[in-house]
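In what follows, subunit A forms one complex with subunit B and a second complex with subunit C.
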Partner chain A sequence: MSAAFMNTPSTAPAAPLHQPSPGLWMLAWRRLKHDKVGMVSLAVVIIFLLMMVGSYTGLIAKNWSKEAGVSYANPSFMAGAENLEAVRTKADPNAIKIEPVDLSDIDPLAPRYKEWAERTAKIKTTETPRAETLPFGGDKWGRDVLQKAIKGAETSIFVGLFAALFAVFIGTTLGAISGYMGGKIGDLLEWFYNVFTSIPYILLILAFAAVFASSPQLAAYKGVPMVVAILAFTGWTGIYRLIRSEYIKHASREYVKAAQAIGASNSRRMFVHILPNVSHVCLVQLSQHVVQFIKAEVILSYLGLGVPVDSVSWGTMLAEAQSELVIGKWWQLAAAGISMAILVTAFSMLTDSLRDALDPKIK
Partner chain B sequence: MGNMHRMILQKLNIAVMARVAIALFLATVLAQHVAVAAEKKVLKIAFRAAETGFDPQRIEDRYSVGICENFFDSLLTYDWLALPVKLVPQIVDKVPEGEEGGTRFTFHLKPGIFFADDPAFNGKRRELVAKDMEYAIKRFRDPVNRSPYSWLFEDKIVGFDEFVDAAKKNDKYDYDKPIEGIQVLDKYTISFKLRAPDYNFLYFFAMPIVVPVAREVIETYAADTMAHPVGTGPYILKEWVRRSKIVLERNPGYRGHVLNTQYANPDDPWDNDAVKALTGKRLPLIDRIEISPIEEEQPRFLAFMNREHDYIEETPFAFISQLLPLGKLAPAMLKRQVRVQRTEEPEITWDAFNMDDPIVGGYKPENVAFRRALILAHDRSQEVNIIRRGQASATMSPIPPGVVGYDPNFKAEDQEYNLPRAKALLDMFGYVDKDGDGWRDMPDGRPIILQFKYRANEQEGRQIAELWVKCMSAIGIRMTTVAVQFADLLKDRKVGKFQMSNLAWIADYPDGQNFLQLLYGPNTNISNDARFKLPEYDRLYSAALKLPDGPERSKLYREMNRLIVAYAPWRLGVNRTFSQFINPWVLGYKKHPILYTAFKYLDIDVPAQQASLEQ
Partner chain C sequence: MENLLEVKNLNVKFRLDGNQIFEAVKGISFDVPKNSTVALVGESGSGKSVSAMSIVRLLPKETAIISLDSEVNFEGHNLLRLADDKMRAIRGKDISVIFQEPMSSLNPVFTVGDQIAEVLRLHTRMTRKQAWSRAEELMNEVGIPNPKLRMNSFPHELSGGQQQRVMIAQAIACEPKLLIADEPTTALDVTIQKQILDLIANLQQRHQMSVLFITHDLAVVGEIADHVVVMQSGEIKEKATAKAIFETPQHPYTKALLSCRPSVDQRPKRLPVIADFLRPEGVNKDNLVQRKRGYEAGDQIVLEVKNLSKKFTLKDGLFKRREVVAVKDASFKLARGKTLGLVGESGSGKTTVGLTLMRLHNASSGEVLFDGVDLLKLSEKDFLKYKRRIQIVFQNPYASLNPRFTVGQILIEPMKIHSIGRDEQERTSMAMALLTRVGLPDISFYKYPHEFSGGQRQRIAIARCLTMKPDVLICDESVSALDVSVQAQVLNLLQDLQDEYQMSYIFISHDLAVVKYISDQVMVMSEGDVVEVANSDEIYLHPQHEYTRKLLGSIPKGWHASTVPTA
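Moving on to the complex of A and B:
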C-alpha cells in the first residue's frame, strides 16, 4: 500500500507538495511530532498497548485471579483501617456439633467408602494465609485490584481495538462499494444502512447479543469474540457514511479517470487508487471507534452481555464497584475508572492530533 | 421578603443554599406530618418492590398478596406469635379436621361478619356467606382471571377439572353451575371433597389469596378488579397511585380482633413487647398506613435513615455492615434507640443439576459420584460470607427453618466443602485428564465443559456463577457461564434447557411438602426443574402426602432428604436472614415467617414519633 502511496501525491489533493519529497505519512508524522499533546497521548497509548501485550503473554498480572488477600483487603497505604467485610469471613460459626447423617444404606457410592477415604487421606491441601492488605486494595474475593485493572485493560483494549478494526473494515468496504458504484448497488447499501441506523443503538446491540446467544454455531464464540463481533456489526454505520461520501467525491477526480484510461479495473481503482487517499479518514475513524468501543464494552459488561464471568474487564470492574462504593470500598472503582479515563482521554487526544496531522486543511 | 431572599441567596455559597433548601423542605414535611399525626396513628413504610394490584385471585407477588392480608380475611390464618407457625381459625368456628381419610374438609363460617361498605352493595350491609368462598375458589380457574395460582386447585377437588373442561367446551364459565366437590351446605357452611388425601389442603385457606370475595363487587368492577378490593378485613384501600403509593385506612365497619397470647414465647423479647403493647386492646390500632414501593436499595435505606419511614424490612445486604457491624447495632442506631429483628425466611436457594443431561445427569454410581464431587468442591462459605455478606447460613436440607418438617439435626456432610474428598472421588471414578489439556475428562474420554446459566442484569447471579467457575477450575473442571434474561431463564429451566442453574423457592405454606414437591418426578416440567425422577423418592412423597403432620411423616421427610443428599440432584444453597430495623415508637412489632405485613398487630407511640421528627 505504501508503494501505491508514493505514486499518488502528485494527483491527490490531500497531498499539497509538488517537490520530490516526503510522502503524506512522513509529513503527517512531522506535524504530529510538533504536537506535544499528541506525542504524550501517543506515549500513553503505547504504554497501554505494551501493558496489554505484557498481560496477554503472561509477563505481568499473571496471577491476577489469585486470592491473595482477605475479602476487600485494604490498600497498603490504609493498612490500619477497619475492614468489617473481612472480619466476618474469618469468624468461626459457633455451631453446635451435629452428627452428619448416615447415608450408607442408600448411597450408590457406599461400596467404595473405604477406598474414597484412603484416596482422600493421600491428597494434601495447603492453605496459604491471606494478606490483610494488598498494594492497591482487594476486591470481594481478595484479589489485587491493581492486577485486576491491568488484566481488565487487556480485555477492554483488545475488544476496543479489534472491534474498531472490524468495524472500519466493514464500513470502508461497504462505503467504497456504495460510493464508487452508486446506482442500484449504492441504493441497496443505503437501504441496508438506513435499516441499521433506524434501530436504537442499545436495542441493536441487544438484538445481536440475542442472535449470538441463541445460535448453537455462534455460541462457541461466546465471550470476548462475541463482544467484538457485536460491536463491529453495530458500529460500522458512521464509518460507512463518511467513506461513501469520500468515494463519491473521489470517483470523478482526474487521477481516477486517468487510472481508468490506462485500463485499471474497478476494484483496482477503488482499493489501490482511491483508498490510500481516504485512508486518513479511516485512521481517524479507527481511533475514534476504539474509544467508543472501550466504553461500549463497559456498558455491555455492565448489562451482563459482555465478557464471561471468569475473565475481567473494566466494565465488569465498574459493575462490581457500584455496590462496593456504598460500603466505602472505593479502590476498585478508582483503579478501573482512572485507568480507563487515562486511556480514553489519551486516545481521544491522539485522534485529534492525528486528524490535524493527516488532514492539515481542517486545522 | 422576595428581595431579602435574593440578597441572602446571593451571599451564600451553593452548599449552604442546599442546606437551607433541605431545611425548608424538611420543615414543610414535618409540619404536615405533625398536623396529620396529631389526630391519627399513621404508619409510613416502604416495600422493596412494586405491587401489581389487589384482586386476590389474580395476583402472585408477595407485596400485593401482603397488602391483601389487610383487606380480606382468609378462613384460617396463622397465630401471630406461635412458633413454629400454627394454623388457627380466622372467620370460621374452628380448624376443620380432615374427614373421610383426609379427603373431606368442612368449614363453618362465623355468622355476623360483614364486608366493608361499598357502592356495589347499594347501601346495604352485606354479610359474608359460604357462597362467597365457593365463588372465589371458582374464580381461580376462570380463564378470564389468568390466576397464577390456579394450580392450587388443579387435580385436587372432585368435579372441578370436569367443570373447567365443560366450561372450555361450552365457551362459558358458569359460576351458577355446581361442582360436586364444593358443597355449600347452608348459609355459613362449605365442604370440600378431594380426589386424594391431602393434609396440606388446609394451608391453602390461610393464604391471603384464597379468600372469599363478593360476586357483586367483582361484577360491578369487572373492568378493574385490581383497584377495588372489598373484603371483611381490618383495612380498606383509601388511595392507590399505581407503583408509587398505597394508602390503607381502617375499615370503620370492621368487627375487631385481639392478640392471642396463648402461644407467646416468654423468653422472646419481641413476643413480650407485643404482649405488653397489645394485650387487652381491640385491634387494629393504626389508623392509616402509607406504603411507598421503592425498588432502588439506596433511597429505601435513606428514607429509613432520615426517619421518613417507621421501619425498614428486608434491609438490603449492602447496608448491613453500616447498621449492624459484626452483628451488633451501630452506635448511631443505638443512639436513636432503633431495634433490630433478624428473621430467617422460610425459603431456600440451591443450584440444580439437570438430571437428564448426559454429563451431569444420571443415576449410576459414576454419575452420582460426579455430582457429589462438584458439590464437595463448591466453597459455599464464600457464597455465605462474600456474596450474601454473612446474611445467610448454609442449608443442610431442602426444608428451611420455620417450615413444618424442618429438622435442625439433619447435617449433610456430603454438602460440605471438602476439596480433597472431591478430588479423590473424581480420581476414583476415572474423571481424570485424558487428552492432556489440563482439564479433566469423562471416564469414556469425552471432554467436560460444564455450563452454568444465571440471571443477567443482576450482580448476585453473576457472583454465584463466578464462584462456581472458580471452584470448578480448582479441581480441574472447565465451566462456562451464560447470562440469560430472567423470563428466559424460567422458561429454559421449565423445559430442561440447562445444565446447571441457581434457583430459589419461598414457602407458599409452611409445610416441607411445598419444598419436597420440587423434586417429585411427576412434577417435571411443572416445578421439578432438576428433572429428578427417583422411584423410591416418588413413593415416599406420595406416602407422606397421605399422612398428617407427625413423627411418622417426619420420618418419611428425613428419608427423602437423605435420598436428595445421596443422589445429589441439588447443590443446597443458603437460607437468607433478613434484618428489620424498627424505630422505637413502633410498638409490638414482629415479623411473621409466613404472613407478610404486621399492620394488624401494631401500635404507635404518637408523642414519641412526633418528638423524634421534631429533632
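Moving on to the complex of A and C:
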C-alpha cells in the first residue's frame, strides 16, 4: 500500500543501483532477529551443533571411552559421598592373605614358572591411577559421564538431523508428485500413505529394524546409518501430507499457470517455481522432525535396536541409567536427560519462531 | 442539515516493520449529514478505507496509532474514546459495514439465514423465531428471489451478487443510522454492480439512513452520492456536493480522476493520466485526438478460431458425471496489430476461450489456426515452438508473479526456456531494456514482486510476455484489478506496445467502457455462447442482441446518468 505508483521512471526515488533488495528469506531473518526467544534458542542450537562438530573431529570428548575414574566415580561437587561400588572393585589391603598351596611336586609346569616370571618382569605394566571423582561423575566402568554426554550428543544429533533431512526429502518428493500430478499417481501415493499410516508407529519401527537387521546385505550398515534409515523411512508420512496439500493449493495458482504459459516444463514448475514457495513448510517440518527423531533414537536405543553397544548416544545412556538409578547413581540420567531437554526445548522454540518469521500472516 | 457523523482532524499512523512509521491519514475532517450519501473516493493507498475503518475502530490495535486530538463524533459521542463494550453495541446496530469481498466476509459453514438472524439476536431482544422471520423479510427486501428457500442456503450456493445482497441484508438488519460500504461493487460484474448500487440507493431512501460509500471509481459515485470527498495520499483534495464535483471540479486531481476512466463515447489516442493533470502544462492535446478502430479489408489474419468448444465434466453424486458446457462453438478471427475484445459476465466462458487458445485447458473440439497450423492438434513438443508466440497476462498481478523470484529471474526465465539471447549477459541487457520500455526503473531488476504496487506488477507481467516477442497477447481481465487511474496507465502502455510491435490482442474484460476503448472488434459472450461479434463502434452504436443492450445499459455513466433522462 505504501508503494505509490510511479508513472515514469524519472520520478522513482534515487536508489543506489545493484543494491540487492531483501528477499523473503532476508525479511524472515530480520523478523527472527527481533524475536528474543528465537535468537536464544538459535544460539543454543548452534552451540550444540558446534559441540557435535567438535566431538566428531576429536577436539573435545576424544577420550570418552577411557576408564578414567573409579567405578561410579562421584561428581566433583559431591566428592565426599560414599561409593560402595568403587570400594568393592578395588583390591582390599586389609583382606587376609592366604598362603598358596605348594604344588610344585606334582605340577609338570613348575620348572618353567621362573622363566615366565622373568619374562613378565620385562613387560612394563603401568597401572593408571583412577580418579576418585570426575566432573559430573563416572559410569560403571569409570568413564566420564560429561564426556559421554557430549559424545552421545554427537550421535543423537547426527541421527536426528540426518533422519529428518531424509524424511523431509522423501516426504517432499512424494508430496510434490502426489499434490501436483493428482489423478492416478496421486491416488496411488495416497493409498500407499494410508497403508503406511495404518500400522502403529512403534510397531512399524520395530518391523523395519527387524528386517534391516536380518538382511545380510544391510548388516554392514548396522549402527547409526541404520537408525537414520529406519527413522527416515517411517517418519516421512506427516511431511508428505502437508507438502501434498501445499502443492494442491499452489498448483492452481496463477503464477504457476503463468509459468506454464511461458513454456516451463512440469518438473520445472514443481521444483523451481512451487518448491521455493513451500520451502518454509519443509524447513519447519525439518526442525520439528529433528526433535522427534532425537527422541525416537533414544527410544530405539533404549529398546536395544539403536546404536551399537560400543558407541554412545543419549539413548544408550538412558538405558544404562535405568539400573544405576536403583543404586542411587543419578548423574548419568541427569546428564543425558538435561542435555536432551535443553536441545529439544531450544529446537522446538526455534521452530516456533521460524514459523512466525517465515509466515507473518499467521500472527 | 444536521450532521450524523463528524470526523475532525483524523490522523492515523501505522507502525511498520522495524521502527518506521507510515502516516496513512493526515488529519482529515469531513461530515456525513443525516439521510444522505457521502462518497469517499481515492486510489489504493489514499487512506479512504483506513479512515472508514477507524470510524468503527476496526483497525489492528497493535500497529495502528490514532492520534489523540482526532475526533469521530457520532450522535454526541466521540467514538474513538468510547469503551470497548459500548463500541461493540454501536457496531452492527447503529453503524454497520459492508465489505468488498462478499465470499470471504460470509462464514461458509452457516446458512445465510442464520447469519442474518445472528445479527438481530445480538443487538435486539428478538426470539429465535422472530429473528428468523425478520431475516426472511430482509432477504426479500434486498431482492433475493424465493427468500424462504434461500434462507437455508449456504453462502457458496449463491452467486456473487446474491452474496453481496445477503451482506447488505445483514448490515441493514438493525436499521443502522449509518451504513459504511467499503468498495461493495468492485468485485462484481457491471450488471450486478448496477443492481447493487440501485439497491443501496433505494434502501437509503426507504430507511432514511446515511451511507458512507467508499470507492476508487468516480463514475460509480455519480449515480448515488450527494456529497463527494476526494482523497489522495492521506489528505482530502476536494470535498463538495456531487454536482459540484462532476460539473465544476476544482482540484486537478479530481479532474484527473474524472477523465482517466475510458468513456463509451470517446476514444482519445492516449488516456489522460493523473500525472498529466498535475503537470503545469496540462494534458498534451495530441493525445486527445480520437483514434479510429475496427477491422478493415486487407487486414492480415494471425489467428483464426473455428467452432471452439470446451466442456467440463463434473462429478455429480458417487458415480454420475455431469457435463457443463463452458464454451459453445466459438469462431472468430484476429488480425495483425488489432484487438479483439471479449465481453461477458462471470461464467460466460470468456476466460475459458483465452485459456483454451493457449492450451492451458484442453479444448473439447474445434480448431485454432495459427499460421495455418492447428495448435490444438500439435504434440506437446511441437507446441512449445508456438507457445512463445501466444502469451497471456493474467488478471491478478498479485498472484501471477512468483513471490520467490526477483524481477530479473522472472524476465530471464522465459528467455532461457526458449533459448532467446546468447548468454546471461545478453539476456540481462534485454530484460533491462524491457523494464525501461514498460516504464520501470532499472533497479527493479533486483527487486522482488512484493515491493511493487499492482500497476507496476502488471507492467512486470507484460514485460515477461514481451521477452518472447509474441504475435498474440491475451489480456485476461488484465486491468480489472487495478484502480481507475492505474488502469489508464496500463491501457496506454498496452496501446503503445501494440503500435510499436504490431501485436494482436485478445482483450478479455467485463468492463465495456475499457473494451470499447481498446478493441477493434468486440465479441459478446453469454453462458458459453457467442452472442454477437462486430466492429466495436458498430456494437456500441447499434447493438443487435438483447443481452448486449442489457450490458451496455449497466455501464456507470457518472453524473450524467442521473441528470439527463435516458433517451
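The criterion applied here is as follows: the second predicted complex is superposed on the first by the 308 of 363 C-alpha atoms of A that agree within 3 Å, B and C clash if a C-alpha of one lies under 4 Å from a C-alpha of the other, contacts with A are read in each partner's own complex, and residues count from 1 in each chain.
To be clear about the criterion, contacts are C-beta pairs under 8 Å (C-beta built on N, C-alpha and C of every residue); 3 or more make two chains touch, one makes a residue touch a chain.
All figures in this text were calculated on a predicted structure; none of them were measured in a lab.
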Which of subunit B and subunit C A:326 touches, first, second, both or neither: first
Which of subunit B and subunit C A:277 touches, first, second, both or neither: second
Partner chain(s) touched by A:140 [first = subunit B, second = subunit C, both, neither]: first
Touched partner set for A:30, first subunit B, second subunit C, both or neither: second
Touched partner set for A:77, first subunit B, second subunit C, both or neither: neither
Which superposed partner A:109 touches (first subunit B, second subunit C, both, neither): first
First (subunit B), second (subunit C), both or neither touched by A:120: first
Subunit B contact footprint on subunit A (complex, rising order): 65, 71, 84-85, 87-89, 91, 93, 98-101, 103, 106-109, 112, 115-116, 119-125, 140-141, 213, 222, 303-305, 308-310, 319-320, 322-323, 326-327
Contact footprint of subunit A on subunit C as seen in their complex: 16-18, 22, 24, 43-45, 233, 273-275, 358, 360, 384, 387-388, 391-392, 394-396, 399-406, 413-414, 417-418, 436, 439-443, 446-448, 450-456, 461, 464-465, 468, 485-486, 489
Complex contacts: residues of subunit A adjacent to subunit C: 1-9, 12, 15, 17-24, 27, 30-31, 253-255, 257-264, 268, 273, 276-277
For the subunit B and subunit A complex, residues of the former touching the latter: 298, 318-319, 321-322, 325-326, 363-365, 368-369, 372, 381-382, 385-386, 389-390, 393, 408-414, 418-421, 423-425, 427-428, 456-459, 462-463, 465-466, 469-470, 473, 479-484, 536, 561-563, 565-567
